[in-house]
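In the two complexes that follow, subunit A is the common piece, with subunit B as its partner first and subunit C second.
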Partner chain A sequence: MSALLNNVMKNKVVRKFASPWRLALLVALVLIVISVVRRITGANDLTSAGLSSATLRFTIPLLMAGLGGLWAERAGVINIGLEGMMIAGTWIGAWFAFLHGPWIGFLAAAIGGALVGLFHGILVVKIGIDQAVSGLAINLLALGAARYLSGVLFIPNGGDISVSPMVQQPGYLTVPGISSWLLSINGKNIIILSDAAGVLAGFVTEISWATIFLLITVPLSTWILWRTRFGLRLRFCGENPIAAESLGVKVYRTRYMALAISGMFASLGGAYLSLVASQVYREGQTAGRGFIGLATVIFGNWRPSGVLAGSVLFGLTDALRVRQPTSIHAALLVIVILGALFVIWSITRGRMKTASITAAAALFIGFIYIKVPIIPNEFVTFFPNLATILVLVLLAQKLKPPAMLAVPYREREEGH
Partner chain B sequence: MSAIVEIQGIEKKYPGVVANHNVNLAIKKGEIHAIIGENGAGKSTLMKILYGMVMPDSGTILVDGKKVIFKSPQDSIALGIGMVHQHFMLADNASVLENVILGSEPTSFGGVIQVDAARAKLIEITKNYGLDINPDQLVAELGVGERQRVEIAKVLYRGAQILILDEPTAVLVPQEVDELFRNLKDLTSHGLTIIFISHKLDEVLSIADDISVMRAGTTVASVIPSKTNKKELAELMVGRELPKRREVSTKPGLEKILEIKDATYVTPDHREILHGVSLEVHSGEILGVAGVEGNGQSELIEMIMGLVKASSGNVSIMGHDISDSSSREIRDSGVGYIPQDRQRDGLLMSAPLWENRILGHQATAPMANGFWLNKAAAKKDSERIVVDLDVRTPSINVMAAALSGGNQQKFIVGREMADKPSLLIAAQPTRGVDVGAQALIWNQLIEARLAGMAILLISADLDELFNLSDRLAVISGGKIVAVLDPDKTTPEQLGLAMTGEKIA
Partner chain C sequence: MQNRNTKKKGLLAVVLAAGLAFSVVTATAPSASAATKITKIGVAFDLGGRDIPGFNQLAYFGARDYVKTHKGVKIQELQAALSDTDATREERLRLLATSGSNPIIAVGFTYASSLKIVAAEFPDVKFGIVDDSTVVLPNVQGIVFAEQEGSFLVGAAAALKSKTGNVGFIGGVQTPLIQKFEAGYAAGAKSVNKKIKVQVSYLSVFPDFSGFNDPAKGEEAARGMFDNGADVVYSAAGGSGAGAHKAALAMKKWSIGVDADEWAFPSNKAYKSVILTSMLKKVDVGVLAFINSIDKGTFKSGSVTFNLKNGGIGYSTSGGRVSSYKKKMDTLIAGIVKGKIKVPSKPAM
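Moving on, here comes the complex of A and B:
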């Protein structure tokens, strides 16, 4: 028995040490494949600084929505209202930025989003309204409220019923020295090295301070959820609220706080859209990103780092679509090659089922690559959703959603 | 030794039910004190009062001689009382350590958990008391016995000196029970006190230092194991002489009700579970099926009920081949079924009792009236069952989950016999129920047999098989290896047959 336990522990330790190396190897491999494909196809945008900074801009709103979803779901509540909370963020951010500058805009969006989240919390936790119904109600309410308030406040200030006046955006950071150095390497067209420099340059050139602050919330979320008392109690509210309550955890209060944080994140994502990505509030600006945020939570296996990975995947396809549609065609070749490598790896591991599914998918994409010279935008938009579905199909056994996700919980009545 | 916990004159009423009435208990430090009683005798309510989950209407609790009032579990935890719940309160998706420290996390500035300090403390506890658990393992990977040790560690981590264990052996296999008992002895040797709630008399007699008996919400006796026996305890629990089991013996009828001919069942992954099983059950006969669990009993039942299809051979009921019939057709043709897992297969736990009465009878009169369900008939017959089978419940409108296990089982028995089926499949009909409910269910089966019902009784309880069966079929390795006359067979012979030995 104890020998068995020792083994388990050893394996865990080994895995911990191995994973950063494997990650580095994986990144290097992907980079090599992209670099080679860029050479072959001449799709130079694939590793440009412009693409990586655009990817970042598209990623942040999704990441915030995803983290919002994660915080709510870890406490056991599904937040279908993320989209509405993002809408609230776009509007509140724009209005307060118009009045007092961008940072006050972000602050107001955070507070406003937290209040909307808390409202959702009171509806589902205390009153016991169905989580999906309450979420949808918030989405509709936010849409209507934003339009109404735009009429009242934006029109007299030079805006429109669906557009705010222009607002100022937060400042940018370009790391002196490193940025220009990376850009110069990128310009020299050395295989792999220039590619790596190009991608990295996007992260140190004209990066918004807002981007930096919001990115920090990823490790911060991990740290709070897995290292602090508050995080432990919050996760138990999602895993086994009865057990949590029996040990003195206030389940309702914890869930309120989780939903306030959830709303705050979603709203910050919205404010990022109106303040950094476009410097103006526009109706429909969120374009379903709240729902994509929910998908990234599943894609990311209910972990902040996973949500980041999912958001980058969605953000990257958005960036490719907007910047240079031809590079999407090249990106297909990257997927085919990576897929082929994954098939080989799976075969060596004896995972025939995974190998055959991946091979079929890779062949299909390869067929499209050859037959369809210009990829329709619809397919590009759909691609990350397809990836999420594939993750669900292939990894369903390994996904670990909170056990009591979306199950309503009633606190014990006093003295009963 | 003085009493560490004293309970005096505790009263607790719920709407329509007196759960506790004039309860008195004295528990000595360092002993294992068993509290026994039928399901619904008030043991669990009393323990909830002692753990602060429920406030009593009146009465006093003394801990270490001082009067205390518990408003919440936190109050009782603070005085060193801990509860090991019957249904584990653990999160699968978290580590053992996280489950243990929840609610009592050692933290430094800013609420950061001091993981290393917590782990060290837990390891010290597990070493001291010989609890074999690994702090960093995920709870999802643990077996039932290990989960129970985690629950015990949880209580010890909070510094409990008095542990309440609510029916701790209900979910354990025999080896795990032995390990639990070793752990409990270890704990008392360190000066801890254990309150052990159970209705299993053998266990109580073997582990307890002191036994208190509860009946109908009150404490009726306090005895020590060396000066009593099973029969006396059982009588104290139910408050009357146990009914004679085989009161009447008449010859079974000749009409073949159930006939299984050379039936074989092979699973989709090609494991042969049943090999050429042949059985007959006649009207007015109880055929007992004995066997070590997992020798094909479940599949045999599922085959008769149409839940799985025989790979070869056939099953007929009253001369009709039902091998290709659906479960509903089989039930409608006059078959009652008491499933072995009442909570999974027998009831909708979150539906009211009267809705549960309809289950399995939803397509035939009187529960159905053409397309519509007959709610009035369901309610009326539920009331009848509650009275006839002494189902203890505040009303027929409460959820099935609100009833204790024995009362759930009595309700199922009443439902399955309501339509006077010609064949009754009774799988483990008294598993996990107290002696009072057991006697009642046994009487129901015997009366039904006298009235001409054919009963197939599958049980792991040898007493039950000997007391009820007219014939005993022994199943081993998916084959019927012997058919015995219970009057001419000793339990030893039956035991040998169950392990596949030939009887000379």
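Moving on, here comes the complex of A and C:
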């Protein structure tokens, strides 16, 4: 349900709250609600520094997979092979990090991922294999190749057929002064102020350099796709390849590049998982993150900022769940209160339909909050799927996928 | 009239069938207890494989221990793959059976439904399945463990070590099997300190098995528990446990291993300083006992439980970090063996 809220807020509220002051007010309001709920329920983890840094570490792999999906789909090709490209990244990253250190690991993963993406490109663009079939083939191929190569290369080096030897991770950044200042405020237990300090402290304490570099790819993707000639042509290929070609855009070449970039992003997400989040390659460690990344593309309405919002939301639920399962219950109360506030706001604006839908949803969640003291893990792990389905159902008319997504396109022969 | 007739016929058929079944049972019973000459032992591994220290390796060690004392006996091994389905597991067991392996050991409860089919096809071959008691056939033995007893011991050790009165449990996948670990651990911790707080987190939910191979999630779960006051965390989470060790090292806390002596794992070399102890589930003892029972003709179908009493369960003392608690631990062990301490196998709700 929070997916609905989130999107309604993004689409309507943010447009209304255009000025940064009003946005700040909104953030402050959310923080006050969380702070109060934390006091009432005693779920202290809701605003801890540990939670925000864990959320960040869970978000990055999903975000990179999501951006990978976004780049491919913007050019008109579906990339079901994201999971396989992530697997490639976890393996390549771990092996090269073991040999030459973490940064070479990331570099190798980027190159390797681009090659796998290009392979997908040749299969679907040039040869014309069904996009879903090719993607699935890549998922299986990556799994098998990683296992084979582990047997050949990891076993003689202290690893195993499914595990790499331990690798070094990239360095950490703790902003001097600010980090300890925020943590000290967080420790004082002042309402709202300590909560804000706790959340912020997670972003300036022991944050991996890799996290920082990979986060930059979000604005970078937006800039390239919407502000450069190359980006415009790439999106053109996804919207109308026939028109693009008639205007001299090389559709095949553009799609190859889009898929190489797609593979590179997914693979970097995999490398982050094995190098930063685990310090070891382990068969199966991607655990479906590539598919959740694919869901964030739909959730985020094919925009990098939307993909980021989706990854943070899914990363946050996972972090809340594994760190302190009881705080999921408290999070429901946060959603109910925010929903109630939104209802009041909608009524004052005369939006009765939005108000009634939100009120019904908030009442339902409130009912669950009171009746179900421990939210079953099954429901929480299902949340990303549920959120994406809700977005698809409730906001279908607002979603704007590329017009020619997944439609095969044949370039015209020279001289015709 | 006709109706009564068919009823009579039906009754006769049932009686005949029962008699037939009985005669089959009586016929196979003596042959089941007769000693079998073992020439080749088949082992079908679960995910992870023979060379990773842990569950699979221990099963292999059990077979190897037998081979060491019996010259000429061979071991035929088959590895599992991440893409396995029940059909591929079936084929693996069938391949072992048709190539002359007897007995065959299926490592892990994932083989249960495949074994049900294959074991019925090869009534002369003896099968042992680790961690499962659902396959009930005259030629199948379930090799199961009282994990809750070992978890009870490490729970007591955690409570003895904890200064904050707050300890954590990380389960890989939420299944009844892993909940046994949780139940024993919490009971053990409470036997030492009644007021102790036990935080619990599961990484994935059945049938999603990714929680056994996701060190990133293991690390965040452990960090969350440490942030919320715990100073010892026990993970029954397979490969994800390495993440908990990593968190313990970064935050200067304690971590407890599972199944085998994790302190001695080559891959855990960096974490030696934070591994307090490990719950030992001696799969090797269970597998060796199973093979020996066939060799000696004492094979029993159904499930055989290995526990503290018969030496199938224990805790590790490597690193010497729990040696000062030996007295307390010994009294607990004696209590469990004598039945004075009842260890629950289901978590209290």
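Going forward, the second predicted complex is superposed on the first by the 379 of 416 C-alpha atoms of A that agree within 3 Å, B and C clash if a C-alpha of one lies under 4 Å from a C-alpha of the other, contacts with A are read in each partner's own complex, and residues count from 1 in each chain.
Here, a residue touches a chain if its C-beta (ideal position, glycine included) is under 8 Å from a C-beta of that chain, and two chains touch if they have at least 3 such contacts.
Bear in mind the structure is a predicted one, so any value in this text is a computation, not a measurement.
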Partner chain(s) touched by A:Ala243 [first = subunit B, second = subunit C, both, neither]: first
First, second, both or neither for A:Phe106, with subunit B first and subunit C second: neither
Contacts of A:Phe119 with subunit B and subunit C, given as first, second, both or neither: neither
Partner touching more residues of subunit A, whether subunit B or subunit C: C
Partner chain(s) touched by A:Trp71 [first = subunit B, second = subunit C, both, neither]: neither
Partner chain(s) touched by A:Phe299 [first = subunit B, second = subunit C, both, neither]: neither
Doubly contacted subunit A residues - partners subunit C and subunit B: none
For the subunit B and subunit A complex, residues of the former touching the latter: 53-55, 71-74, 77, 85, 89-94, 98-99, 101-105, 107, 110-113, 115, 132, 134, 136-137, 154
In the complex, subunit A residues that touch subunit C: 44-45, 48, 50-51, 54, 57-58, 61, 140, 143, 147, 155, 158-163, 165-166, 273, 277-280, 282-285, 287-288, 318-319, 321-325, 377-378, 381
Subunit A contact footprint on subunit C (complex, rising order): 47-49, 51-52, 79, 81-83, 174, 199-205, 208, 210, 213-217, 219-221, 223-225, 227-228, 239, 242-243, 246, 266-267, 269-270
Parts of subunit A lying in touch with subunit B, wherever the complex brings them together: 1-2, 5, 8-9, 12, 227-230, 232-233, 235-236, 239-240, 242-244, 246-249, 400, 402-403, 412, 415-416
